[in-house]
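By letter and in written order, the chains are A, B, C, D and E; residue numbering begins at 1 in each of them.
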Amino acid sequence: MARIGVFVCHCGENISATVDCGKVAQVTSDIPGVVVSVDYKYMCSDPGQTMIKEYIEKEKLTGVVVAACSPRMHEPTFRRACGEAGLNPFLCEMANVREHCSWVHDKNDVTTDKAIDIVRTLVEKVKRNEPLMPIKVPVTKTALVIGGGVAGIQSALDIANCGHKVIMVEKEPSIGGHMSQLSETFPTLDCSQCILTPRMVEVAQHPNITLYTYAEVESLDGFIGNFKVKIRKKAKSLDEKLCTGCGLCCTKCPVKNIPSEFDQGLSNRRAIYVPFPQAVPNKPVIDKEHCTYYIKGKCKVCEIVCPTKAIRFDQEDEIIEVEVGALVLATGFDIKRANFFPEYGYGKYKDVIDGLQFERIASASGPTLGEIRRPSDGQIPKKIVFLACAGSRDPAKGIEYCSKICCMYTAKHAILYKHKVHDGTAYIFYMDIRAAGKNYDEFTRRAIEEDGAKYIRGRVSRIYERDGKLIVVGADTLMNAKTVEIEADMVVLATAGVASPGAEELAQKLHVSYDQHKFFAEAHPKLRPVETNTAGIFLAGACQNVKDIPESVAQASGAAVKVCGLFSNDELTRDPSVAVVNRTAPPLFSTCVGCFLCQSVCPYQAIEKEEIKSRDGKILKTIAFVNPSVCQGCGTCVALCRSKSIDILGYTHKQVYAEVDALLNTL
Amino acid sequence: MNEFEPKVVAFVCNWCTYAGADLTGTSRIKYAPNVKIIRFPCTGRIDFMLILKAFAKGADGIIISGCHPNDCHYTSGNFHAKRRWMVFRTMLDFLGVDVNRITFSWVSAAEGARWAEIVNTTVDGIKKLGPYDNYRKMVNEETEVNNG
Amino acid sequence: MDKLKQLAKELLSNNQVQIIVGYEEGTVGKARPAFISSPDQADTLIYDERCIHNLAVYLTQHKLPGNTKIAVIASFPVMKSIITLASEKQLDENFIKVIGISKDNNIIEFKDFADIERYINQQDLSFTPEEQALIDKIDAMSMEERWEYWQNEFSRCFKCYACRSACPMCYCTLCITDFNQPQWVSVPSHKLGNFEWHINRAMHLAGRCIGCDECSRACPLDLPINLLTKKLSMDIQKQFGYSAGQSLTEPYALSTYKPDDKETFIR
Amino acid sequence: MATENYKLLKKESLPALFDKLTASGKTIYAPVKNGEKTEFDVVTKYSNDINDEYIQTVQSLKGTVFPKVEKLFDYKSDKTDTSIQEPDFSKFPQNVLWGLHPCDAAAFRPLDATFRWDYDDKYFLTRMKLTTVVGLSCSKHDDYCFCTSVDISPASSDGSDIMLTKNKAGDYLVEIVTEKGQEVYDMAKELFGEISDDKESYITDVPKKFDLNELNKNLDGSFEAPYWLAQSMRCIGCGACAYVCPTCTCFDLQDEGAANKGSRIKCWDSCGFGHFTLHTSGHNPRETQSQRWRQRILHKFSYMPDRIKVFGCMGCGRCSRACPVDMNISENLIKIMEEPKNE
Amino acid sequence: MSNPNIYKPYLMKIDKVTEEAPFVKTFRLKFTNEEDAAKFNFKAGQFGEYSVAGEGESTFCVASSPTRDGYIECTFRETGRVTSALAGKEEGEIIGFRGPYGNTFPIDEWKGKNLLFIAGGIALPPMRCVIWNCLDLRENFKDFTIVYGAKTVNDLVYKHELKEWEERPDVKLITTVDPGGETPDWKGEIGFVPTVLEKAAPSADNTIAIVCGPPIMIKYTFPILEKLGFKDTDIFTTLENRMKCGFGKCGRCNVGKVYICKDGPVFTYAALKQLPAEY
């Protein structure tokens, strides 16, 4: 059966300088199963490869060992050559006698002997190699974008514009995300809503995009190219087809005092509401928690006033199932809120607010219509203090990282403030100014130089109220840590950006990994920043880490390209080195006993249940099944399996066992 | 009698340590030739039985090496491996197996010099410990069983 | 234990279960496992301090006819075994009625496995000082002494696999020892074969052993092999805060990890 | 009661006898006290730990003639050649098995019959030939003992080369049974005296539990009997009974080592293991534990007497003592006896 | 016995390897030791233990006829540890062989009778031995019929010999494959062996039937033979059980009191009826 060819490469002198290649060829030719063993100056050269091909045909080789450089270098080369000669490429192995031998040892017999041992090991392995066929899986060319912020919008539009179907799921009643809350954007100070709204509308109207707002992902099954997703469409209590978005209901609803999420609690909304005037879709939802009808069973004012009779109190959540080939996660971020900063009185003093609230105050569509007035009494603050790094870079608070956007938006806030309150003074406490970005440093300098923002390097230890003023106590580290006390009218905390509240739960549903701060983890920090470790699920925007708009958009487009790249194939080809659960003759069927402990070690959720049924459909046994389309071939399950029921192609039990035997020269 | 040259088997993962050992080669850093490498996709694939088999087949020492925590190509294979080793090592120690003969290490693809250092210190250590006679005695007993 | 007999009769006569696995009077003063399938046999049921067999072993042997509802008399170790087996998807709750016996010999009728789980977690689950002392004794030896100690013990083993057969957690249909491609564990009962077998057994039970000591009780040669799994159980509890037989849902110690698992030996 | 003439071996002479045996190159196995228990062990000298009043050891001395692991031969091979190296049979140990009870001594008969059956097992026969069995009458028994039911008495010398019976004074009445026994006697004649005594009075009375021939008859046609399942319900399928049994001979052949060098090994196996008869096709003729329990009983009490003219049970009771779940063989045999014959 | 150590195998050189069907191979084995060869003889139906160093032994029958001197042949399917290792062996390599063991087909008693051979799948090898044995003594027998079936055309073993038999005027060969196992150019029957046998309805008169095949085939074939009028003493088959030693010691192969390794593997249907269902 085994007819192995051994091809020993000199690699010019790279190998032959310390290893006696001729001897390696000669000694290894005595290994049982080896029918030819030759050495040659450059195996990877055309004549070298031709020689291998000729021997494959002439000697009817069933396996090839090329003793040369690292497989990481030339394995594809030689496997291709074998394939061209009609030998399954996976029956070719490389014995690394260069990086692991000739280059690291001196010229002597020991080095040659080691080379022989290495070759012997691979010969024994390759004897037990099985021909493998690349795995092909079909691709469903629809993408699911989770999150309708700027990143999700960008991804969805990019994918849709490439001609693929996109389903977008947004948990809020409207898409737009945090960007729609912003006043103006750094460093250009263009109006956030002005640039975002057209894109929101484009999403809503795009023929390739199906938009589900007020919806969440319920569960995910399947694998790259073939996901099955359940989406929960929360009941809006509204027939969207009938609703014209006239807004009459929202003006008549008697429940008026619900803090508006969009305005960060700085204004109120009704129980039936549209989150903001430019919302997409611009149709109301009923907030069941606050709606009198849902609480007390009567009211129905909205139903009465609705001219198109679109209100549906009996509407229930709907679960829809979709099949998609890829997912883009764009669930964004959140900021730390009250209770996290007791020392700053945030949540206690009305005029201590966070950055997002300031955005609303500064926004022309905000509660103050763009005038900077403080929440407590509507006065215009003459002295305003901004605190950068509120929570960020503070290991004591459990947030070691830099939230990245605060330096910039705080500078922006200072500028916006000065533009609106010309006689006011803006103080900014900061740790470092991090303004690395195109036109960013210029922007912060503008805040200081043109708009007179007073930057104080140091941290604020506490804020308290005295005589209607907020006393900000800090230290100026550039002035020998001298204590600074500022009597402020308003304080804005650039609170740390954190993962959105449902991130962990969602990550678990989608089986993507996340870091200690619950931000989704990229597959590789450098080389695969938009991929997750779950093939077919990509990341866009701040769900991975806090990002500013251009970064989010750039990554979103990156994710879109990944999706489109995936969709450019009708089927996917995967490395066949995957785990398999054995099958044996009945009545055993498999030595797997179905304990499914392997399921929890699999980083890819590749292990499923397989029911073995008799002809009449009775379940005889339930065993594990490794989905070859999902398995990445790490083999962690293999080492865990007590009964050795799982094996991994390319590194089978038989192979590695023989390798140990051969390496210790006991064969 | 020549100096004792221990036989050492290294079980390494493909993505980090194998590549690291490649780098050792590329950087032409010399190390002891006693160590021979067997490649695995991931440290998570390394079955504890392989360690025992290596000893049974005459290894004097063993190196097991993979990606540093958080660097695993497969996210978590090395974390699982670590736990298993923690348990397995406890077991071996409890049974009186010389756990100093097993070097567990993390060597990244960038740590060519570190690989050489791991190999050399392991080989030196095992040279000091001498051949693993205890284990060999147990193995050889099998062939002498009850035959006089 | 009249109450037990009464309950057994009821369960059988109104066909709630078809078989009761319990204990009966054996020979030479021993108690032994019994299989009661009709109410009139129920009078042979006993329960006393001699009833130490871990009856959970019979729940996975697939010897009991399929689609039969089985009641099992469950001492504390049996309860823990059932929880572990259930977490490993080996038991179907709908077919097993668990009649628990508390430490003060009262009957506890569990309505489901979650009920058992709750009960278990109300009990004292720590290792006894006696158990600790046994382990400490070996830990205190030098490496050489430990090697000698275990070599001596293992050399006596003749691989009757009573330890395996008596253990409820050893339910593989093809044990690693019978796996022969390749032959991971040397078959013959020479020192190496025994060494490999006992390491495998202990490792396969690491984090799964519920500490009933049935293995060493079953061993005709009285090998202290329960110490191996006990040592690992203690270690796993100390290192990972995990004990077998307490949770239906938590992944077992070796199929999960924490990034900050603390070790001292990896370079 | 007839009084017979015996050689007398005084307690005080034992050290000298053991020294002589050791000096002549013999390996002595003797029942040695270890705490509460007594097990056979190799001794080079006589000591007070040698227990002549033990009831039964956990393990028999079967392993001295049929080792739990026995190397059959070494092989070596390379690409073109293979060679086989048999062990040096002349170097097999000369064993003196000291102080076996009659059940254990008698157990060599079925072993011998099996390993001779048409094909001579050279390993066993060589070891057997080099073995001298020194039997010891039983002064005690327990509830597990049933030798009298299988036609062996606690005093029978069948299977022994020399038979010892301890008398009141603590000395031994010695019967020289075979030539091998005579050789030992000849080697140390001076240590033996003469005495006439009645050995029966020193012997324990093992009650008879069942009639062997009746049992054998009852087993005919019992293949489909319901009691196999009933009896084996609690069986957990371990091999303890077979491995402590002095007559069980089931074995496995295994290769150890690699392709180029290694050895073929014969090692104990048990008909109670589920995979014992498993075909590669997945088919298993003895699929259930009750089938395997039936095999065990029928083999010893029906097939062996039928095929090799010897019963496979010596009534030592070891299997019952070792059974983790109290499958008491005599209890079960009595039940089979009492079972109305299936027509 | 010629070999004083019953566990010690003869060393046999693989003289020829024939690929019969997927995973099925035939080895022609020659003794490496002339003395062994000279002393060795066997009869149709007997089996042996074939071994690969380092892997162990495996039991199967001798597939060649005792009338062909100087070698033995075995045919095996790659299934377990040993057969997989055997399959990896090349011409010129050495394997071990112990045997022959077991009883034989009473060919001498069949003189002057018609012979009907019925075989299925991989079970042709034991049959092949007796077929060739009888063909080499062709004048001793009258009609000679072979019914052989396999799952698919590809699974038929000894294809070259089937052709030879087909072409012989003194042999009637019926080959069949299971429904769905045929190829476009398949000229034989399509159907399971028992069905094809029933259709062919060979005469039971003065005829010996020899049946080898998987248990399921045997189970359905016997009743048909009886229906066709065969006496159960005229129906022969071979049994297989797991074995380790081959000579009645290891304790595996007995069916009740009967040891397949010693009293078998050849049994008449009449004898089988007396055995408990333990095979």
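One rule holds in what follows: a residue touches a chain if its C-beta (ideal position, glycine included) is under 8 Å from a C-beta of that chain, and two chains touch if they have at least 3 such contacts.
Since the structure is predicted, the reported quantities are computational estimates derived from the model, not experimental observations.
Here the chain-to-chain distance from chain C to chain D, counted in touching steps, is 1.
Of the two chain pairs shown, A-C and A-B, the one joined by more C-beta contacts is A-B. Ranking every chain by how far its Cα centroid lies from the centroid of chain B, the top place goes to E.
Farthest chain from chain C, judged by C-alpha centroids: E. Centroids built from CA atoms put chain C at 34 Å from chain B. Note: centroid distance chain A to chain E, computed from Cα atoms, is 63 Å. Centroid to centroid, with C-alpha atoms defining each point, chain C and chain E lie 47 Å apart. A straight line joining the Cα centres of chain B and chain D is 46 Å long. Counting partner chains per residue, chain C has residues 174, 181, 184, 186, 188, 190, 193, 254-256, 259 touching two or more of them. Looking at chain B, one finds that residues 48, 53, 76, 80, 84, 142, 145 touch two or more other chains. Residue positions 32, 584, 588, 601, 640, 653, 657, 661, 666 of chain A are each in touch with at least two other chains.
Contacts from chain E toward chain A in the complex involve residues 87-90, 93.
Listed in rising order, the residues of chain A touching chain D in the complex are 30-32, 584-588, 661, 666-667. Residue ranges of chain D in contact with chain A, taken from their complex: 78-79, 257-261, 280-283. Residues 26-28, 30-35, 53, 57-58, 61, 63, 158-162, 164-166, 174, 178, 186-190, 193, 214, 217-218, 220-221 of chain C are the ones touching chain D in the complex. Taken together, the chain C residues at the contact with chain A in this complex read 88-90, 171-176, 179, 181-182, 184, 204, 251-252, 254-256, 259.
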